[in-house]
Every structure is written in C-alpha cells, then in structure tokens.
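Below: a set of structures, written as structure tokens.
The same subunit A turns up in both complexes below, where it pairs with subunit B and then with subunit C.
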Partner chain A sequence: MISDLAVPNLFVAQAGQLVLPVVLPLLAAFLMQPLARVSTALARGLGPLVLILCAWITAQLWIQLGDAPFTLAIGGFAPPLGILFYADGIALLFALAVPVFALLFWPGSESGGGAGADSRPGSDQADRDQAARRDALVLLLVAATTGLALSGDLFNLYVFYELAAVASFGLVALSGTGRAQVATFRYLMISAFGSVLALAGIAILYMQTGTLNLGQLAQLAPETLNNPIGSAAFALMLIGFGVKAELFPVNTWVPEVYAGAPARVSALLAGLVSKLAVLVIVRLLVLIFPQPEAAQMLLVLGVLGVLTGEFAAWRAKDFPRMLAFSSIGQLGIVFVAFSIGGEIGLLAGLAVALHHLIVKSALFGLAVRWNGSLEALAGAARTSPLGAALFVLFALSLVGVPPLPGFWAKLTVIVGLAERGTPLDITALMSILLVTAVEASYLFRVAIRLYQDNPDPVARHARRDLGVSALLGAVLVAATLGLRPVADVLGAGAAQLGDRAGYIETVFPSHVAGKD
Partner chain B sequence: MTSLDHLVLVSALTLALMLLFGRMRIAGRLAVVLYAVQFLLLMQTGALLGEPVASSLTLSVLDLQMHWRYDALSWFFAMITIGAGFFCAWYAAGVWQERYREEGHSPRLFHVALAANVLTMLILLGSGDLLSLFIGWELVSWASFLLMAVGGGPAGRAALRYLVYAFSGGMAILAGLMLIYTQTGSLDYARVLSLLGELSDGQVWLLLLLIGGGFAVKMGLLPFHLWQAAAYAETPGPGSSFLGAISARMGLYALIMLLVAMLGIGRLTAMEVPFTFLSARDLIAWIAALTVIIPTYIALQQHDARYLLAWHGIGQGGYMLLGLMVGNAVGSAGGLFHVFTYGITQAALLMAVFAVVHRTGTADLNKLGGLVARMPLTFLVLLFGIISLAGLPPMAGFVSKWMVYRSLVAEGMPLLFVAAVVGTLGTILSVYKLIHNIFLGQLRIEHEQVREAPLSMLLPMLGLSTLIFLVGVTPGPALSWVAAVQASLGLPPVPYTLGGIEDPRGGLDMLWLVGILMAGFGVGALIFFGLGGRSKRVHQLDNYAGGHFLTADVRYQYSDNFYAGLMHLIGPWYRGAFLWLEKALTATVAFLSAVMNGFYRYAQPALFVLATAVALLALTTA
Partner chain C sequence: MRNLASLLFAGGLAFLLLTLLSQLAFGTPPMRVGSEILAVAPGEVGAANLVTAILLGYRGFDTLGELAILFAAATAAGVVLGRRRDDARRDPPGGEVLRTGADLLFPLLVVVGFYVIAHGHLTPGGGFQGGVILAAAFFVALLAQPARHLSHGLILWIEGLAGAAFILIGIWALVASGDFLAPLLGPGRMGELLSAGTLPLLSLAIGLKVGAELAGIMAHIADAEAPDT
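After this line comes the complex of A and B, so read on.
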C-alpha cells in the first residue's frame, strides 16, 4: 500500500519539489547568521534569492501539474501514517503569494523599514547582525506560512502555526522601542493562550478519531465529530488559530502591534499571515466541521469583529492604527463570508480575503512613510501625488465602489447572506452595510486631508515603497478590467476548496481504486 | 453597436480626452464640442418617441444579469444632463478657466470631474435592472464627490459631509435591493415588477424606507437636506451650476423608477400609514411639501448668494416630487417639466452669481450692491432667472409651477396647495433679496471699476436666459417630451398645445398670457411717453431716504439684516432641529467608536480568550 501510488514517476518527481518552498527558506534562515559573518553581501542577497526561487518553483509546479489537486507524502510514508502536503489551486495560490509578498515587503536596509528599524545608531557590525537576524526571521515566517498553506495534517499545521508565531514575535519586537516590546509581550500572551486552546482542541480530535490527518479526519468526521464534543473542539481551535487571523475577540493585540512594528512587517502580518490562518480555519470548517454550529460561531464572531473593528477605526488617531482596525473589520467580513458555506460562501470569502491581501498590504506599504498621526498627513498629496492617488484607489476599493474588485467581493458576500436569509444572516448583512458607511467616512476624511493645503507636508515616499504600492494598485486595476477571468479562477478554486469528497479521494486514491 | 453605445462611448471619450489634454488651453472648447456631439447622438437614439434603445453591452455577475437601455424617461433626464454639461463647459471654457488656473487650481481636474459626472449620469439613466441601477447610482455619487471636492478647503469639508450622507444612502439602497432579492430571487425589472404585488404592506414600507430613503438623500428631501447647500455652493462656478441644474435630479429619477414605475401611485394610495388617516402617497407628498417650505425659508436667511440659491435647489426638488405624487396628467407633467425649467433656471442663476464673483471676488450679499450699472447683462440674466425661479410669468418656471398648483387644486388637496404657495412666497422674498443686494441699491466704492462679465461667460448665460423666456412663452415643444415620458411611465399624458395645456376646467395659454402682459407694458409705455416721458438721470449718490439726503459716506444699503421685521416674526421658528439630529447621530457613532476602542485598549487580553472559550463551549454543549 505504501509504494502503490497510482501516479507516474515523473509526477512524483515534480510533486516532490513541493517541499522546496518550505525547506529552502528554512534552510536559508538557519544559514543566515553564519553567512553574515563570512560575507555581508552574500547574506543580504540570500533572502531575496531564495524567495525568487520559491516563487519560481511554485509557479512552475502550478503550470505543469495543472489544477487537479495532488498530495506529496513526506519521506514516502503514505497517509495516514506519514505526514503529507496537499496542494490544490488555492493552496498553490497562497504558496505562491507568500514568497511574492515577502519579496515585495522585504525589510530592506536602505530606507529603514518603518517605525524604528534604523533609529538606533550602532556599530556596523551590530547593524549587520541585526539585518541578518531580521532576514532570518522573515525567511522563517515564509517557511512557516507556506507550510500552513500546504500541510494536509493537523499536527504539521500546528507546528507551522507556532513557527509563524515565533517568527512574527521576533519581527515585531525588532524595532526595539519600548512600545513595540510592550505590544509584542501582549501579542505573545494572547498567542500563547490561543495555542494552548488550539492544542486542547487538537487533542480532543485525536481522542475522538485517533488521527490528525485531515483527509482521514474528513472521512471520520460525520460519525465521530458531528456532536457537541466535535463542536467544542472546533471552538477551541477556532480561538487558537483565530489569534493570527484577527478573529474577534482574540485580536486585541492587532492595533498596538501594527502601530509599533515596522510597517512592512505589519503589511506581511495583516496581509499574508492573517490570510493563511484564515485558510487553516476554512480547511477545518470545510473538511471536518460541516455542522451548522461551527459556521454560526464563525458568523457571530465575524460580525462582532466587523462592528468593533470599523467603529474603532473611526476614532483612530494615527495611520497604521487606522489600518489595523480596518483590517480587523475586513477579516470580520472574511469570516462572515466563509460562514455562509457552499460555493458562493467560499467564493465570497476568497474574494474578500485576496482583495484584502492586496489592498491592505499596499496601504501598509504607504504607511512606511506615513507612519505618524493622521493630522500630520495634511497636504501629503503635494509631496507624494502618486501615493495619495493610490490611497484613494485603495480606499475606494475597500469601501466597495463599483466597478473596483472590492465592490464585487462585498456584493458576493451580501448576496450570499441574502440568499440564506436567516435572521442572523440579515443581521450580519445590515451590520456590514452599516459599517461600510462608517468606513467610507473615516477613509475619505483621510483622503480629503491628504489633499489639503499645508505648507509643511510629510516627506515623500521612498521609491521602493511607492513602487510596490503602485504595482499592487495596477494588479487591482487589472483585476477590475479582467473581472470575468478572475471570477472564473476564483470560482474554480472555491469549488475545489469546498470539495470534501475530492480531498479525501486525493489523499486516499487507493481507497477508491480498491473499490473498483 | 447601437446608438446608445455610441452615445456612452463618446461620453467616455470625453472623459479620456479631458484626462489626457485637460491641461491645455483648448480643453475647455474641446469639451464644449464633445458635449454638443453627445447631445446630437442622444437626439439620434430616438428613445423619446420610439421603442427603448438597448445597449449591446451586458454583464452577468453571480447569475445576475445587467443590461442598459434608454427609454423616454432616460432620454429626458439625459437631455438635461448633457445640456447642462454643454452650457457649464462653455461657461468654463474661456476666461473662467484661465482665472481658475491662476488661482492655483487644476482646470484639468475640473474638466475631468465634469465629464465624469456626465458619463456616470448617462450610465445611471440607462440602467436596465436594479443591480445596474445601484452601480450607476454609486458611480454618480462618487463622481459628484469628485466635482465637489476639487475646490479644496471648505469644499472638501462639505464634500465629506455629502459623502457620508450619500454613501449611507447607498448602503440603505443595497439593503433594500437585497430585501427584494430575497423575496423575488431576481433583480430584473420585469421579474421584480411581476412579483412586487405579492409583497406585504410591511415589506413595501421597509422598501420605501430603505430604497426611497437612499434615493431621497441625493434629492435632499427632508430630513436629508443638510448636506446639499454647502456642497453645491462651494463647488467651483460652472461645477456648481451643473450640480444645481441636474445632479440632485438623479435622486428624482431613481425615485420615479421606484415610486411610479415599480410600485405605482395606486399601490402607494392603498397603503395606510398606521394610526393616521394618511396614505403612503400623502405622506410622501407632505415630505415633499415640507421640503419645499423648510429649505426655502432657510435660504431666506442666507447671506451668501451661492448658498441662497443652493438652498432653493433643495426646495424646488420638493415641487417636482409633489407634482408627481398628485399623479394626474397635469400634476405629474408639472413635476417632470419642473425638472427641465428649474434646471435651466438654476444653471443661469448660478452662472450669473459666479460671474459677479468673478468680477468682484465675493458672493457675500452684504458686500455687494448697485452692480446693475456695471453689469447690466448679468443683471438681465439674473432677473430672468429669478422670475422663473419664483414661478412668475412669462418665464419657464411659471408654467411648471402653475401646473403643479393647478393639479393640487383640481385634485382637492388644498392644504398641500397652501404649503406650495407658502414655499413660493419664501422664494419670492429671497430672490428679491438676491437681486436687490447684488444689483440694486448703491454701488460700493471698491466696485466702481467693475466691468461686465467676460463674453465667454456671458454667452452661455444669455443662451440659457433666452431658453428660459422661449420655453416660458411657447412651452409646447418641451411639453411634448414630458408627454412622451408620461406615456412611457404609464401615466396619463398631458394634453399640450404650443402655448400651454388644454383643459376643459381651465387650461393655460402662455401666448395669450404673454401677449396681454406685453400689451399691459405697452399701454404703460404709451401713457408714460404720451405724457412727455419726463425722466432725469442722476448720479447714484445723489438720492435720499426717509427725507434725508445721503452723502457719499452714508450709503443707501439695506442688505445687512435684510427683512429684519419678518425675521423678528418668524426668527424663533428656526430651531435647527435637523442639525441637532445630525449631531446626535454623529455623537452616537463617536460613542460607539470610543467603546470599541476601549475594548481594544483593555489590558487583560487573556481574559477575553478564556471568556470566549468558555462562552463558545457553553454554547456548543447547550
């Protein structure tokens, strides 16, 4: 049974490359420090090089192996004994997005990545050590989040999740300011509590089923987990994995961390890491917990996140904090969307999540320079006209102005909610519409301020940050123009993501073959 | 490609060309030509009298079909839109644009904003289903925001206030559409129309509240009127004219779609307001009547000519809705016709005021006066405009307002008639204040050197004034459009003639009326000149008041605290109740926001984790 995979050798060889996007950054992260002792230039180049390689490998795999999902048993031990990687369209999409976004928001040294990365003048050697540490942490984060996208096994997911947590603590605390350290400590506390709960949830699952393989769990779930114990396990894991997904109410770390951390790190956390955590929750929801209670939990917590985040953002006094609160609200919408279930729910969730990935990352890219209070942004359009124009574009898309992608994403959520139409859904719908008005108010208050007259506006953006934001803006516009193909791709991805039987069949092909 | 596609494409082309070449001096004239082309293309569609014209563009999202088509109603509003764009671009094309540039603004941004407004309105007017209606609505909202915000400074603040109102309204509309969608499973007009009859009264009330309320925001119907005056008045000159002429009417267009085309006046009449003797139709009519009265009397208090006119714009919208709610041939024709007559009137009036601003640098009614000697043609334009705005013969505004009054009386709605007349009284008082404080009285010393408005601005103003007069004397051709629109909406068409309307119970013939008016003037002139025509030209400082000669340093100028006696009487009625309401809402949001902030600042996050875990576990085991 172990060596009896019904696939050609070539396929295995290619699929084997799937481990590289996880292993290579991990390896590079460990090599970083010793390499920095030998040659600074080499160490500096290593990170981006590895990321480009990862992106290339993933893209290559995606092109060559097509859309059909496939698995890779690590070390040749077939599931459920061995651990495995599972790659479908969405997993590969995120596995591709991780290195690409890490590359875009690579914490470069030339412009000082935000709040305080270059605020402490030290010796050259100390700076270099610091840079190497930072690069290693980002690579660690990349490895962990890619692992989150690809793992088909709950134990691995937990390990990668913890790894991502550790890497992000390090990155957030990197600036060394007191504010950042306090924020990190708080983040650490919540994360730790969350992890304990998640572990408890996983333990319950293992007790009930005796396996941690997602495919096998999916097989066993209808008999063993469709009961209060199963729901309890989901609740615990939801809280645990929800910490990084900015789920209400375990998201209280978000505003302080994003305000204190270097803006590019915030971009990665708000954009990328949160989405991978969401993906984990969605996998659990789709594969193991199809019971309505689970979706209801997600819906209620999502609505509360939407309300608290967007209302809190209305009074935010500085730019990164405003983005942080807005990010909480947007992820609330993501949860609401995924709670709808079915193909339309998954499509809506994916659309909102990817839209937020692009837009919020780009906005945090702008926050590299605009990291101060909102008042100080008055007249920023004069020094940075492109930056201000991009802000307006992203703000328009965030609040959902047709024909930008944000509108279609939000519309899908709303139509999904209206179609199901239980009182809870209608409440969620009304909440989303209500806070969207609040959202428009605070975002465009900033937009108007950017275009005010001010003799002493903030400094212009560094060319790199502006370039990254402009690139993401271009992606947004391209998605607007090519709405149809984008929607088709997402629809196919959503169908695959929601295909529970397909997942089981992919993990245990012999199971089906044996029946013939 | 249908003729509608051509129209929208040229409109989009206008926007693109303004984006590309807006910096150049020729841009203004290019825009004028392009608007003229759009106007001709609109005429070619033949949507007014023939079959509705469909666009070949269709989109489908989430199994929701979207398509666009023009019928007579679309044609009518589109005609006013493009016409307003044409005249406003003309006004902006010459000297105004150069001055605007010198003041440090960007003419390109202005032309882009104007073109975007015209384009988005054309898209909205073509909506063939509820989803495309919503999308068009949002596009128009944001295009107006752009035009309002380009001025910067106070305009930015006003635009932001507008945005909050408009976007909240938009979200309410979306909620209403989702209500329709859950009930009918479709957003297609025809399908919704066939299933709308099955909705319960409660659901229709909810629809009226959500969708009607959302559309009412743009029209500035009570209680959503607070944003409009400042937002329109602070917009740069021709932009202000454009917004005043047509922008708020997009709300009326959408309301017509909802109230007349979809629900129908009959359904509204059948719906009782609980615990009262009013029907839904009466309620809307009274909202319209109050929208006439309250903003008009707020206008009376204004010291800024732009604000005075902008407040009137809100009130005049009330007449249109009032006429439509009467629902008979004359009333609905009056409401629709008022869209046109008021559009040309308001555009001309604001252009005249901005011409004064152009020459004197101020629109403050306390700092102007006596300009009739310096800007006689602008005075003439303003005079024509205010006669029309006040609804007096022989100008266009008289015809439409007369029709609304006529229908109110004929249908037995005396209280609403009184309300409409009270509103008109306020209009007459405030437009007299307007023309007096700008043009009559004594010229100020600092305005001795003021010249007539430049020709490039004067020509469109005079053009509009001519139109106001011609439509006033021979309303027949314009009424034929209105009749076509009524027919397409399923309303009884108005029996129009060249000079007015035919009605056994008392029609209107403007040709006769104007003839008699002119004859009266003629008789007066005959008597005057027959008696020798003695007149004496004096210097404007050579006059007296109250039996005292006034010297050059004591001026005849009542403008400050105009209508002091009237304000003494009605002043205490201004309570600012709606401002209070708005502040209360803002304070509520601020309070909620503070509470949410407090949550995220709370120092014991671990507690939340535990509490949530316990709560969720309790929930799952319960």
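After this line comes the complex of A and C, so read on.
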C-alpha cells in the first residue's frame, strides 16, 4: 500500500494528499466569515487562492500517480472498515474540473448585475457578511462535488451529495428576490424528497450486503443484489441522485431555479454539479447494478427527459429558461448513452456529458447579461459581436453540426444505440434525431434574433463573463482540431470507468474482502 | 395535468415500496463490516462508546461532511435572514418568572452540554448532542429576552475556529502518519476520561461548532423582524 511508505512531508505527492482538494475548501469556508470581519481583501482573495491550490494538488497527483487507478483509505482504516477514496482517470478529471470551473464562474463582484443584484438596501457590514457567506457556500459546493468525484463509499457519497444540495439552496437564494426564494423552496422540497429515497435505497443495500464500500458491494452484488430488491434499491437511488442530475421526473425544479439564481451559480449547477451526480449514478450502474433492468430504467427516463426537455425549451420565452430546459434534454441524452453500457456507451456518455459541461457553462456565462426574455435579445450582436459569435458556435455544437465535438458526441450515442438495436434503443435513437431538429429550430431562432436590426439592443457583456465564455469556446475549437487525441483519452477513461473487476482489484489488491 | 402526474408518481412509488416490503427478509441483516469493527475497534481506537469510535474514527470523514452540511444550512439561513431594518419591532420580553428561570437554567445547561461533549467517547452522547445542549442554553436566554443581543462576531469566530480545529487535527494526522484523520496519541486505557487519542478533541471541536452554529441560527431568527400586528 502507498500509505506504508508515506514520508511525513506535504510537498511530495502521495495518495494521502488526495483528501486535500476536499478538505481545504471546507477549511476556507469555515474561516471565511470571521476573516471577512477582520479583512475584506483577505476574505475576498482566500477563495480563488484555495481553488488554485486544489487544482494544483490534483494535477500534481494525477501526473505523478495517475497512470493506474489508486485508492486512499482515509484515517488509515483499511477497506471495507473505513472510508475510501478511489481515483481513476475520470475521477481525477472531474476532481480537476471542479476547482477550475468554480474559479471561472467565481461569483466575485456581481458586475453582471441583473438577477444577481440584491434589491434591498443594507449597510456595508451586511453586504460584506453576505459576500462572505456566498464565498463560503461556493467553497462548500466545491468540496462536496470534489468528494462526489473521488469517494468510493456509498454513504460518504450520500453525505457529499447532501452537502452539495444544501450549499446550492443557499446559493440559489442569494439573489434575494421573491422569485428566487420560491424557486429555492421548491428545489428544497424536491431535493429532500430525493434524499429520503436515496437514503432508503442505501439502507436496503446495507441491509442486504452489510457493507457500504463500493468495491465490496461490487463483489457481493451478483449474488445478493441481482434480484427485484436490488432493482428496487437502484430505482430509489436513481430517483434520489437523479434530482441533481436533472433526471425525469424529478427535474421540475430546474427551470425556475436556473432562471432565478445568479447566472454564474446556474452555470455551476447546470454544468458541474449535474455531471457529478451523473457520475455517481454511472458508478452505481457499472459496479453494483449490471442487470439489464437497471439500464432499461435509465434508458426510459432518459428518453422522457430528452423529449420533455427539448420541447419545453422550444416553447421557452426567456434565455435562462431555454438553457435550463435544453440542459434537461442534454442530460437525457447522457442517460440514454450511459444506459447502452459497455465501452462505447460509457465513451458516448462521457463525451456528451463533458461537451455539455463546457457548452452549457459557457452559455450560462453569456446569460449573466442576457438574462431576460428572448425578445429583448434582438440586435444584441451589434453591442456584443463576440458574444453573439460564441453563441452561434455553442449552438452549432449543441445541435451537433460537424466537425464540432458535439457532432461526434451525438454520433457516438447513435452508433451505440444502433449497434444494440432493441426496439427501445431504436425509439431512443429516433427521439434523439427528432430533438436534434427541435434544438436546431429554437437555437437558430435565437441566433437569427441576435443578428436582427434593433435600434435599442441590450447592453454589452462584462469583460470577465465574455472572457470565460471565449476561453471555453477556445477549448471547444481546440477539441475539434484535436478530436482524435481527445477521443483516445476519453476512450481510455471509459475503459477504466467500466472496469468492474479492475475496481475490485484496486480496492482489495489481494482479493480477500471481509472475513467470509 | 400536474395533479394527475403527481398522483401517478405517488402511486408508482407506493407500489415500489410495497413490493419492497413484501420481499425483504426481516431481522437477519448480514453483519459484514459491523462485526469486524466490533472486533478491532477497542484495540485500534480505544473508545468505550463504540458509536463514537465509528463516528469519529472509522467514519470520521463522514462526520466532517455532516458538520459541513450543518454549516451550509446555517450559512444559507444567514443568507435568507441576514438583513434587518434598524427601526424594526422586536418581540416583547417574557415575564419576571421566565427571565429568572432562564438565568438559572443557563449555567446548568452549559455544564451539562460540556459534560456530554467531554464524555462522548465513554458514554452515549458526544459533540453533536452536547453542542445542541449548549445552543439550548442560549435559546432559553434569547426566548426569555428577545431584545438581548448575541454577538454575531463572537459566534462566527467560535464556529470558524472550532471547524478549523477539526480539520487541522486531521491535517496534523496527515503530516504525522500520512493519513488524514488517522487516530493519534494512542488509544490509552479504555474508559478513562483521557483516552481514545484525538477523539475527545474532535468531540470538543464538533460540540463548539454545532453549539455556535445553532445559537447563530437562533440569533438570526430572533433578529428577524417581528410581524407588525
């Protein structure tokens, strides 16, 4: 084990440091509010500093240890007794993406105004306190989502999922408008309902197997969970973890929350947090529930999400809601892809998920300024030519126009569905093709409106939001040019993600689990 | 339409739960991890209260997460309740009996709270429970005299430093032994007040943090504007 040859030195990369990207944001979040009372500048700089440090630590560990999956027993308690972190390529990729995206969409100064502005007047002290709370909540969200990427323990995953949920309630309520608070309340109710179901599912698994370690659950699953009880437990956890993953039918909170929350928070929730919830579901599916019923559930709910999301987006009247509904549809495609299973399914799912992470985050970045109705966007290309051009780029990729990566991602899904070819798969395939036309219709409608003549267009973007979107646009273009290496890396990641035997072998190297 | 969908969903869920109920065997859960922890925990962690050995030892990381969830909830409550007009009305103070009773209860509750925290590794209780009792001491005082001012700054400092202490103890273990939150200082003699290594310190940090957090939420609620009736 790596922990045996540990040198007591924080400056040499070793597996034990993998907790730091989770723990340091927590530490900073705990200290944020008292620090803000002492020095505003210190508190303001602390968050971004910690995020950079986390990204650096994760990158270091990935470079030096990440060739093969490795584990970390927290507290030195060997699995399955203690809690385990499991780091394969995909886990590390997301653990790195979390601080990077949080940095890009760091709330900071709300120069974007709009939905983010607090309407009520208050003293300076109250404003500073509110800013410190906001920063603390973002750091808590970062810690939670990093934990979701890395944890290899079912209950630990649940804890981090809850933490992500509670932190996002506070962030959504930040804008202080009545609309946002109503949206938060609905979000809270649906989340609480989902959490209870997920907890019930976890309790059933524990009752059937006596363990919470994902590796040991994977070992025991074929004999103890390949039955109706196991499938029911999966259904409960699917609905529970599906709340954050915008799974049909527990996604009714999505449009109001994304329209009411500050746009940068929406970017984080729609882009990042939803993907980590998806990753949890995929881990469950790969490791514990390989039975076809589980994949079928995912497929059916995914198709329903695709259809409802995209048609609702077509009817949406304002920009954030359109993005929110489109996000439901895209995540539906992600679920459909992962339900195919095997290496191609995982590859397709990862491709669509990462593509959506980049594109939808960037679009919500544009929504910081374009937060009103679609009508009001007419002529926006004149004040914000780069913003409009970026929108067209992202729209083309979302629809799946070659040679952009979105095309390749969707194609992989369609090839995977066609290869398996059951009637249900063909239905899913037809739905995806159908909604592609719908997507094209509503996205290009907006694009045309952006380039219309209008004497009084909306104000231009703040430089920072535009810069972030441009950066993500550049990443998209780079991925287009280097599609083959990207596909190879993702393929290797998908192979690792789908390697159930490898996961068990990594967690229990000598292949002896427990005492039975 | 929405009602119909909700009805369908609720019906499906009820069917799922009933199916589960009819299938589950009752009373014979496999004790895979449980029995193993029972066997090794006294030697490894040394806490007489085995529940605490699991909460702060084997699953200490979960406890850190729970602590963060409570903190997130308190912070979110602060976001919603954080503003008050200076001229807003306050609830009237309670009567003489209530105020004297609250003053008498305060030291008792504080002592009991610290006792429960300090003995978390020996008897049922611990940081969370003791912290709630500590917070209750402040609840009583605030409810009896709503105009009494609880210093937000002090609460924030206690809360922040206690949370930081938990994490720093974990990082200390990471530096000393290579594992975050590994038990340090040796298990000691089971049953003594100073045993179970760093567990009592973690309990104390949790207790102070939970107490300060709940007191903070209460102070925010007390600070919220009373309805104009």
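By our rule, the second predicted complex is superposed on the first by the 490 of 516 C-alpha atoms of A that agree within 3 Å, B and C clash if a C-alpha of one lies under 4 Å from a C-alpha of the other, contacts with A are read in each partner's own complex, and residues count from 1 in each chain.
In the analysis below, a contact is a pair of C-beta atoms (placed from the backbone, for glycine too) under 8 Å apart; a residue touches a chain by one contact, two chains touch by 3 or more.
Treat the numbers as computed from the prediction; the structure is a model and nothing was measured.
By the touch criterion defined above, A:129 reaches subunit C but does not reach subunit B.
By the touch criterion defined above, A:386 reaches neither subunit B nor subunit C. In the superposed model, A:475 makes contact with neither subunit B nor subunit C.
Residue contacts after overlaying the shared chain place A:210 against subunit C, while subunit B stays out of touching range. In the overlay built on the shared chain, the residue A:236 is in contact with subunit B and with subunit C. When both complexes are overlaid on chain A, the residue A:228 reaches subunit B and subunit C alike.
In the superposition on chain A, no contact is made by A:376 with either subunit B or subunit C. Of the two partner chains placed by the overlay, subunit B and subunit C both lie in contact with A:249. Applying the stated touch rule to the two superposed structures, the overlap between the subunit B and subunit C interfaces on subunit A comprises residues 228, 232, 235-236, 249. Only residues 5, 9, 16, 19-20, 23-24, 29-37, 40, 44, 57-62, 64-66, 68-69, 71-73, 75-76, 78-80, 82-83, 153, 156-157, 159-161, 163-164, 167-168, 170-171, 173-183 of subunit C touch subunit A when the two sit together in their complex.
Taken together, the subunit A residues at the contact with subunit C in this complex read 3, 6-10, 14, 16-17, 19-20, 23, 26-27, 29-35, 37, 73-77, 80-83, 120, 122, 126, 129-130, 133-134, 136-137, 140, 143-144, 147, 155-156, 159-160, 162-163, 166-167, 169-170, 173-174, 181, 204, 206-213, 216, 228-229, 232, 235-236, 249, 514-516.
By the touch criterion given at the top, residues 61-62, 64, 134-135, 138-139, 142, 145, 149, 152-153, 156-157, 159-160, 163-164, 167-168, 171-172, 174-175, 178-179, 181-182, 589-590, 592-597, 599-600, 602, 605-606, 608-613, 616-617, 619-621 of subunit B touch subunit A in their complex. Of all residues in subunit A, only 186, 189-190, 193-194, 197, 228, 231-232, 234-236, 238-239, 249-255, 293, 297, 301, 307-309, 311-316, 325, 344, 396, 399, 401-403, 407-408, 411-412, 414-415, 417-419, 421, 429-430, 433-434, 436-438, 440-441, 444-445, 448, 451-453, 483, 487 touch subunit B in the complex they form.
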